[in-house]
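Take this structure first; my questions come after.
The letters A, B, C, D, E and F name the chains in turn, as written, and every chain counts its residues from 1.
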Amino acid sequence: MEEDDFNPEVVKRFMFVNRKAPYGTVYALESLETVLISAAFDQDVSVVFADDGVFQLKKGQDTPGINMKNFSPTFRALDGYDVEKLYVEKESLEARGLTEDDLLVDVEVLSSKELSKIMAAQDVVISN
Amino acid sequence: MKFGILVNEGPFTHQASDSAYQFAKAAIAKGHEVMRVFFYHDGVNNANKLAEPPTDDRNLVKLWSELAAEHNVDLVVCVAAALRRGIKDDVLAPGFRISGLGQLIEAGIVGDRLVTFGD
Amino acid sequence: MLHTVNKSPLERNTLESCLRLAAKGSAILLIEDGVYGALAAGQAAKEIGKRKADLKFYALGPDLAARGLSESPLVDGIEIVDYEGFVDLAAEYEAHQAWL
Amino acid sequence: MLHTVNKSPLERNTLESCLRLAAKGSAILLIEDGVYGALAAGQAAKEIGKRKADLKFYALGPDLAARGLSESPLVDGIEIVDYEGFVDLAAEYEAHQAWL
Amino acid sequence: MEEDDFNPEVVKRFMFVNRKAPYGTVYALESLETVLISAAFDQDVSVVFADDGVFQLKKGQDTPGINMKNFSPTFRALDGYDVEKLYVEKESLEARGLTEDDLLVDVEVLSSKELSKIMAAQDVVISN
Amino acid sequence: MKFGILVNEGPFTHQASDSAYQFAKAAIAKGHEVMRVFFYHDGVNNANKLAEPPTDDRNLVKLWSELAAEHNVDLVVCVAAALRRGIKDDVLAPGFRISGLGQLIEAGIVGDRLVTFGD
């Protein structure tokens, strides 16, 4: 790519979609790394948690017993990176018997219908 | 149109890399530009030059290298994902380079479309 | 938005989630093992039918053929495309979302 | 037979298939993301309940803890074991089947 | 392992369980390689196709379009390796709108209940 | 009791290798023998000595090598699966050896139990 292709004025809507549970696979952790990097590009970033992805935000994760790193505190740090749009699908929470009180960060809980509209308005969707 | 492609899985185990390759080839055949293919998660294993599939099977590592050589496609392997999985310069196939996740975000900004393939 | 679904609806929940969250006017392209969702005799046929007025449905021909499904009846209205058709869809719709 | 299920019942069909095919007298151990199936509030609770007379159910404690589920109510009758308990079960039952 | 641990007289019941569709992942192909090798050990081998694994046996697979090798003819060769017990779960076939006529080899179609009993009697179960 | 273990997935991407390692450690702690761990499918990637996870993360390749050294566990990588994925002697971590699928069947025959971990 030529250097002059890169226009720092462009602001696109980037959405990261998390639909997988943490620890069983590495996708949740590596997706979070992408979100953190994206913050440096001054784009319009949002992060969605739907299906088993809502479990990524469950309070009380305690991982020494499986010898893996507990990365859930990093979600609390997103605010400091100006990643403030965290959306959780209401239907996914309910199907798992969870409420907003079970989550370790403040999020916006949206119905499938509301979330669907926001998803449709994105320029770039990154999922894993 | 300028396409960026994200590949999340290694070769052979999942069809993701095959589908991404077929998509890239078809895009180029139609006159589009494939500006970058970014390999993340197990996708970094697509860059392992030691891969030696049976002779009657496709060799995805080689196919990606050839595509890069013929059509100037930028094949970028995520450094963090690659280190974790042991993909280093020692085993890097021709046409691939190791770089940061920023290259994925940049492809999203600069390209017209980002198309993702995974498990 | 162009959505792709690459898993069998009998193995995973991706087609179901995609059908729940795809906005009106989007297209859904079934690829890889996702093409099993296109079978008229499959259990996803009813759910696809419910959203046929809102969404356009496609299935990747080479993936159907590989799986021995070229002659199998598909859900009414699903259009078969090849990889070039996939590229056209990706260019036509303003963004792509893979349901993985 | 000791059966292990390592995927969430909301993502994949493995728990469902295991419940359909596990013979009376077998044990089912939920590990990794399979422990989500043990949640009393989850949709698999009913299906597990139906087979409680036939099968023994276990869940791996370290996997529950990692996912923040140590305090969550589980389906009645599911016993929590650690890795040594997993080994004991593998030794007690004459064979192991992983539902992948 | 000590050489003398190996007792050629032992015959165990080995069952290979195929629950995944072909081509989308490599499991079906690599599992078949294991079945072929097992034939050399004179064990009591059976192969089960359930859930999407029944699609492995679908007639008419035609793979040049995805540039992958069509390995389905190998199922026809199993007979020559004395692997003769191929079980297909009836419920899985029906849920996919398939009948025995759609399959490229002769198999024994069993109900979940019948299959369940055979599975329970195995010494070694290999799945993927 | 004599355990054989089958690992179908690589390190980091899926928990399978972690679970298998914890199982093996617990079995040995309880006085059982782990006669062999067989790495198949993407499991062959567990033998890649170039893997270098972040320092605050576990290093599964190293953990397996150490287990082999301390408890005489036979770590076998399937040659066909490994060739396809580029795992060769050049990158093989200590304690692993490359051999045929027959070693898996043999573990099933000779061992008292075969326990499988995968995706």
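The definition used in the following text is that contacts are C-beta pairs under 8 Å (C-beta built on N, C-alpha and C of every residue); 3 or more make two chains touch, one makes a residue touch a chain.
This is a predicted model, so every value here is computed, not measured.
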| item | value |
| --- | --- |
| Longest centre-to-centre distance from chain A, chain (CA-based) | E |
| Geometric centre distance via CA averages, chain E-chain B, whole Å | 33 |
| Between chain C and chain B, distance of the C-alpha-averaged centres to the nearest whole Å | 24 |
| Rounded Å distance, chain A centre to chain D centre (Cα mean) | 28 |
| Shared interface positions of chain A, touching two or more other chains | 23-26, 51, 66, 68, 123-125, 127-128 |
| Chain F residues counted as touching two or more neighbouring chains | 8, 12-13, 15, 19, 22, 41, 57, 80, 114, 116, 118 |
| Residues of chain C touching at least two other chains | 6, 10-11, 13, 32-33, 62, 82, 95-98, 100 |
| Interchain contacts, given as pairs of chains that touch | A-B, A-C, A-D, A-F, B-C, B-E, B-F, C-D, C-E, D-E, D-F, E-F |
| In the complex, chain B residues that touch chain A | 6, 8, 35-36, 40-41, 74, 80-81, 100-102, 104-106, 108-110, 114, 116, 118 |
| Chain F to chain A touching residues, read off their complex | 12-15, 18-19, 22, 56-58 |
| Interfacial residue positions of chain E with respect to chain F in the complex | 1, 5-7, 10, 12, 14, 26-27, 30, 33-34, 37-38, 40-41, 43, 123-128 |
| Of all residues in chain E, those that touch chain B in their complex | 23-26, 66-69 |
| Residues of chain E that touch chain D when the two form their complex | 17, 19, 50-51, 89, 91, 112, 115-117, 119-120, 122-125, 127-128 |
